[in-house]
Amino acid sequence: MSGIERVKSISASYPGAAASSTWRGLAMGRTGGDLAIAVLLGLGALATLLFGEAYWLLGSQVAITMIFALSVDLLVGFAGIVTLGHAVFFGLGAYTVGIASAHLGWTEPLSGLLLAGVVAALLGAVTGVLVLRTRGLGQLMLTMAFASLVYEIANRAKPVTGGADGLQGMVIAPILGLFEFDIFGLTAFLYTLAVLVAVVGLAVLMTRSPYGRSLVGIRENRVRMQAIGTNVQHRLLSIYVMSAALAGIAGALLAQTSQFVGLNVLHFSLSGEILIIVALGGAGRLWGALLGALVFTLFKDRLSALDPAYWYFWLGLLLAVIVLFAPKGLIGLVDRLLSILHRKESL
Amino acid sequence: MITAALTILFHGLAFAMVLYIVSVGLGITMGLMNFANLAHGAFAAAGGYVVVVATRSLGLPFWVALPAAFVVVALAGAVVERLVVRTLYGADELRQVLFSIALLFMAIAGFTAAFGPLQQQPEIPAALSGQIALGDVEFPSYRAFVIAAGVAILAALWLLIGRTRIGMRIRAAVDNRNMAEAIGVDTRTLFTLTFALGTGIAGLGGGIGADILSITPTYGQEYLVLFLIVVAVGGLGSIFGPFLAALCIGVVDVAGKYLLPEFGAFFIYGVVIAILLAKPAGLFGVRS
Amino acid sequence: MTAAILETHALHKSFGALTVAQNINFSLEPGTFEALIGPNGAGKSTFVNLLTGLIPPTSGSVILDGQDVTALSIESRVKRGMVRTFQINTLFNSLTVAENVILALDEHHGQGWRPLPSPSRRRIIREEAYEILGRLGLDAWGNREVKELPYGRQRLVEIAIALALRPKVLLLDEPAAGIPSTETGTIIEVLESLASDLAVLIIEHDMDLVFRFAQRITVLVQGAVLARGTPDEIANNDTVKAVYLGEGIHA
Amino acid sequence: MSLRSLMLGTAMATAAILPLADGAAAKAYKVGLVVSLSGPTASLGQQIERGAKLYQSLHKNGLGDDTVELIVRDDTGPAPDVAKRLAQELVVRDKVDVLAGIIFTPNANAIAPIATQAKVPFVIMNAASWATTKASPYIVRVSQTLPQITVPLAQWAAKQPDIKSVYTLVSDYAPGIEAEEAFASGLKEAGKTVTASVRVPVQSPDFVPFLQKVKDAKPDALYVFLPGGTQSTALMKAYQSLGLKEAGVRLIGSGEVAVEDELPNMGDAALGVVTGFHYSTSHDSKLNADFVKAWQAAYGADSVPTFMGVGGYDGMAAIHGAIKALKGKFTGEAAVEAMRHWSAESPRGPIAIDPDTRDIVQNIYIRRVEKVDGALRNVEFETFAAVKDPGKAAK
Amino acid sequence: MPDDLSLHKIRAGYGATVVLEDLSFDLAAGSKLSIIGRNGVGKTTLLATIMGLTRLHAGRIGLGDLDVGALRPNRRAKAGFGFVPQQREIFPSLTVEENLLVGLRPGAWTLARVYDLFPRLRERRANMGNQLSGGEQQMLAFGRALLTNPRVLLLDEPFEGLAPVIVEQLFQALLRLRDEDQLSIIMVEQHAKLALAFAPRTMVMSRGRIAFDGDSGTLIDDPARLDALCGIGGGLH
């Protein structure tokens, strides 16, 4: 291998290497940053529950965004698959419970969630086979094109989806027949929080499992994984399907808690936004995705209240600052902060 | 019927040329520098605003406003490249996406603050505001000018990239950056120039195409998908690829909507999926 | 002599007019240690890539343990016992040394699909991983991230991963490349300790290593087998000497 | 649900400890204004916000010591779930007394149940689907309904001897379809029918393919409904590019097609376009002249109020009217009751709320785009007085 | 004559990996040097390090009075290094002539001179870079480096993978260059015989260090030593 070729192969592996360097170890909570964020989020949820009556709704929004971000992080951060069309699964989940309720009278929320996950997973399996045949920009564009196609279908299939007017007549029964969705959003908050805890719990367990480890292996070094006998394509498809199902569940939660579905849940800008959230938090670290979802949603809410006309300027500024000064995202920032604290303590 | 077909073809071409002029620079910067610039459309919008201000507020002729749009936007591009983009070459794609989206957000807010949320229309010279007859069919002169401009820019880029020393260097750097460095090509300066060129052409496209893709603050966001599609289908780092892709998409879209209006944008996405599955690196991709 | 564990029949690969492997006939018996040498660009890596399935041959076949594997994927060849190491480190750099080996053990035991952790199973696999690391003198490094290890140790992790897959045939691609001579000792010890029922094919430029271990040497030049024989035969082969020292070219 | 009452109890107890501000002497009312301020439709939200704020600043002292605070939220466009959450938060977090605003009908439909549950009046300043007021008894609409503006135009068109065949082109969403149906029914009453119709995507960058189809059919007139903004200009450009006017196809439509802030972008292509609408910036009245003057004093000479701006302005007038009428005894039900009987002289002409439908009753004007003093204006030439929503009358 | 190129205590490699360790040598202006050694001992890395394509951990690289160690590759090329890489690295989307001209700097070497040296290139001037045979590519890589009019020409295994008749032809051209031009040349080569015949001074590398640096004649006269240093028989001793 000539010098130049060698340099090239090293620099070619660089983007992946950069992504993987944000990944520290497999086990969640191994680093202080993960633990700190977990504790912080737990306390935040508790405080919101007890004292933040006015923020229950926003809380459920945050929880839903977290689940969605988690699903994208599993793809982008873990398996190294890029997507600019993940809203398709989110939206499909939302429309699944919406259509099931409005047209079929299936208003039970928990089974609706399951149904949404399954439907999204099915679409994930079909498109995943095709999307995973490509990589890089081609892959990005394919995910986007598929998502746009589904958006168009939903737009056109007016009798089923309500088209641009949104789906009318959707009703969601009380959870377990007991807890009705109220205007204060307490039910929605607790419900989404419960689903979030379950999803995060499963995700943490999964990342500690042989399966999760093999995904990290694929992202870090695809060829090497093949060389230890892994069918990389199958493994990637499986995570694609799983990520689709999770996104579908997140979308279903949004539809159930807001009791409304509009075309915007399928829109390209949502796909872009969720990718931004994952990058903001720090890709490849589950707790980073959660932190990104929290910070982004809160900032958006506060900024758009403070400056309804120009809030996206401040949001842009925040993102730019993060890119320039926190290359590993918010969680990288937390890590750095903790290590500084740690150093001071040991002095 | 033939008249209708000609008209559809003509307008499809005009639409395609706007897509091409705006997108071609994006393809070059992505192909050469591996930088995913999702804010590219904001540079195009900036060019549109330059033309608006020049023709409406400053009363400059259209023919002065267009080069001005190129120069101003190219300078802006060069500044952004020097200050930030440069530090993100070779960085994680997610950071590039994050940064360019941040830039896009700030640009949208900036445009809204400066020009308001309404669309802005450049003053078009009288010579281009009439109709021209091709056979017994009449076409708006301005759109004929757009088509001519698209072809002219293709030709100019082809000459620049294919026939000049700087173009030679750009091609060399796309092929093999390290080797280009090793024979003395200053790829860093070359990157700045290329970035400026790419954004400058986008600015020109924003100005020329304002009649078809109207200049609003959210321009860069609304049409982003179209620009990305043109680049991905055309292939990164190519000049002809995006031209072909834009033609394909422009004509298919317009013809599709004419023949089967109820199918809307199905055709575009169908074509994109088919092409990308067959050629993941695009029609003329240097790399994927 | 026992039946070959790995054979190729007229294995041929060309890209257009460029031939990179010319009808290579090759066989490897269990328990033997064979070296593959040749100048740069001779097609050694191509040959390994053909064996492992990274690139498909234009014609010819690869027989592994009596079974034609020519059409099989990389991973199914690995599952059937053909394992390779890489010339340039291709480890999982942000994982710990033990995790690198565990990753391979999981795949070998068919655990790669297990979506939930199982602590008891984990312990068994961990013990197995440390047993392998112990053989390579790496057990003290188990909890360190691979990228913290000196290069020489990283090369050993490369071998540890391969051993975790319980290979029948082990293809070692320049295991000593890039290691300072002071550190080759460990590699030598490891190679000496490899099980005697294993068939090893080593690509190596370090002639010390090659002549120390190889029972047979195959010399590849321009994609074709130039010579094959015992180390003595090869060392005294004039054609081979010419290739290595550039004899026959008139200045 | 017990858990919720516990939470609410905690919250209320906290609130009870806090001293009540100023007692009953002066009340600070809060109005939550939900409009679209970012994205492609930002200009529409800006009009409503400006209209509402203009009314506030011109009538600062109209309520004595009482004050009205506007809390503005951006629903980012047609995004019902966002709008719904914002409304919910305005009610729960900011404790607004009135919800207002809303450009897009889906957003209004999503908010309606919130208004009902929270017993908060919901003043619609644009969303124009006729049925929207039925979604909640707390809705009062001060803008317009699609049948209300469309049927008079259809009746006018039916009377024109040179319009024998009409093609309709509408945006493919509920308001568009409503407009299409209302126009057809209006025409039908006069014994004429629509020859052909096409529905186009809500966001269409280019209308050429659709208009070429229209041109192929050679109708006498083309009726258009679009959500306004850049869409109308794009349509006008295609209308001109394809030479439809020269081909003898007259362009008629609802007022959004020739909305005043886009007229300068359309240029002479818009000349002669006939529209039916409730407000024109050049409506000839002293009140309107003062209104436009005040507007331009506040927002600059480049800014012109459109029907959206007037919607925001009149909506605030209705809210102020209700506060005044209730004299401190403001409740949601009472406010809706007060607004049901509200009437006023608006920049658009005389307006009133129909007590039966809580929808607006107003004059609909037929206007033609003409050049006045070098600028394009919608010049009114026929008036249909005190039009009630025909949509509800028909059903 | 003053030293043209001087390397002092070089420590370099790829990323964190160190390939070259404590390596120093000087080269007088206009002189020729061959570097031989077995595969993987760092010969290519040495040239890449001089060009600035690796990471220099420590040490000084001087060209005349100029310290080039911190310069980017293009500055080094401008300072006077011409590089012919092992894989030729022809630009595929440039024509032969464009490949030659893309790095052109004024000096003694002109397009016409290169065409005189390699008439084959003149015949193929309009072909694209990726349409050439291996030998033609090698000529092109030579010509491209010469047209940058360097003070020091770095050749990395110029004969690798070429048919003997092409090697012969190229070697003759190289000898012409050696005898007629005032250029300093460093040639890394696996064919020991060729290398020794080319330059009066030869360096043998082993595991990132210099194992021998001296008169080429010494090794020509002592085949056993040559064999021990870089031959196949090394393992037997």
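Here the chain labels run A, B, C, D and E in written order, and each chain numbers its own residues starting at 1.
One rule holds in what follows: a residue touches a chain if its C-beta (ideal position, glycine included) is under 8 Å from a C-beta of that chain, and two chains touch if they have at least 3 such contacts.
Each chain and its UniProt protein: A = Branched-chain amino acid ABC transporter permease; C, E = ABC transporter ATP-binding protein; D = ABC transporter substrate-binding protein.
Please read these numbers as outputs of a predicted model, since none were measured by experiment.
When chain centres are set by their Cα atoms, the one at the greatest distance from chain A is E.
C-beta contact counts were set side by side for A-B and B-D; A-B has more. The distance from the centre of chain D to the centre of chain E, each centre being the mean of the chain's C-alpha atoms, comes to 77 Å.
The geometric centre of chain B is 43 Å away from that of chain E, both derived from CA atoms.
A separation of 50 Å divides the Cα centre of chain B from that of chain C.
For chain D, the set of residues that touch two or more other chains comprises 38, 42, 46, 201. The set of chain E residues that touch two or more partner chains comprises 51, 53, 85, 89. Each of residues 108, 112, 176, 178-179, 182, 221, 262, 264-265 in chain B touches at least two other chains. Taken in their complex, chain B has these residues touching chain A: 30, 36, 38, 84, 87-88, 90-95, 97-99, 101-106, 108-110, 112-113, 176, 178-179, 182, 221, 224-225, 228-229, 231-233, 236, 262-266, 269-270, 272-273, 276-277, 280-282, 288. Remark: chain C residues 52, 54, 73-76, 78-79, 83-84, 86, 88, 90-96, 99, 102-104, 106-108, 111-117, 145, 161, 164-165 touch chain A in the complex. Within the complex formed with chain B, the residues of chain D that make contact are 38-40, 42-43, 46, 198-201, 203, 205-206, 208-210, 212-213, 215-216, 229-230, 233-234, 237, 240-243, 261-262, 264-265, 267, 302-303. Residues of chain D touching chain A in their complex: 1, 3-4, 7-8, 10-11, 37-38, 42, 46, 49, 72-74, 77-82, 84-85, 88-89, 91-93, 105-106, 109-110, 113-114, 117-118, 172-174, 201-202. Across the complex, chain C meets chain E through its residues 37, 39-41, 147, 151, 174, 177-178, 180-181, 205-212, 222, 231, 234-235, 240-241, 244-251.
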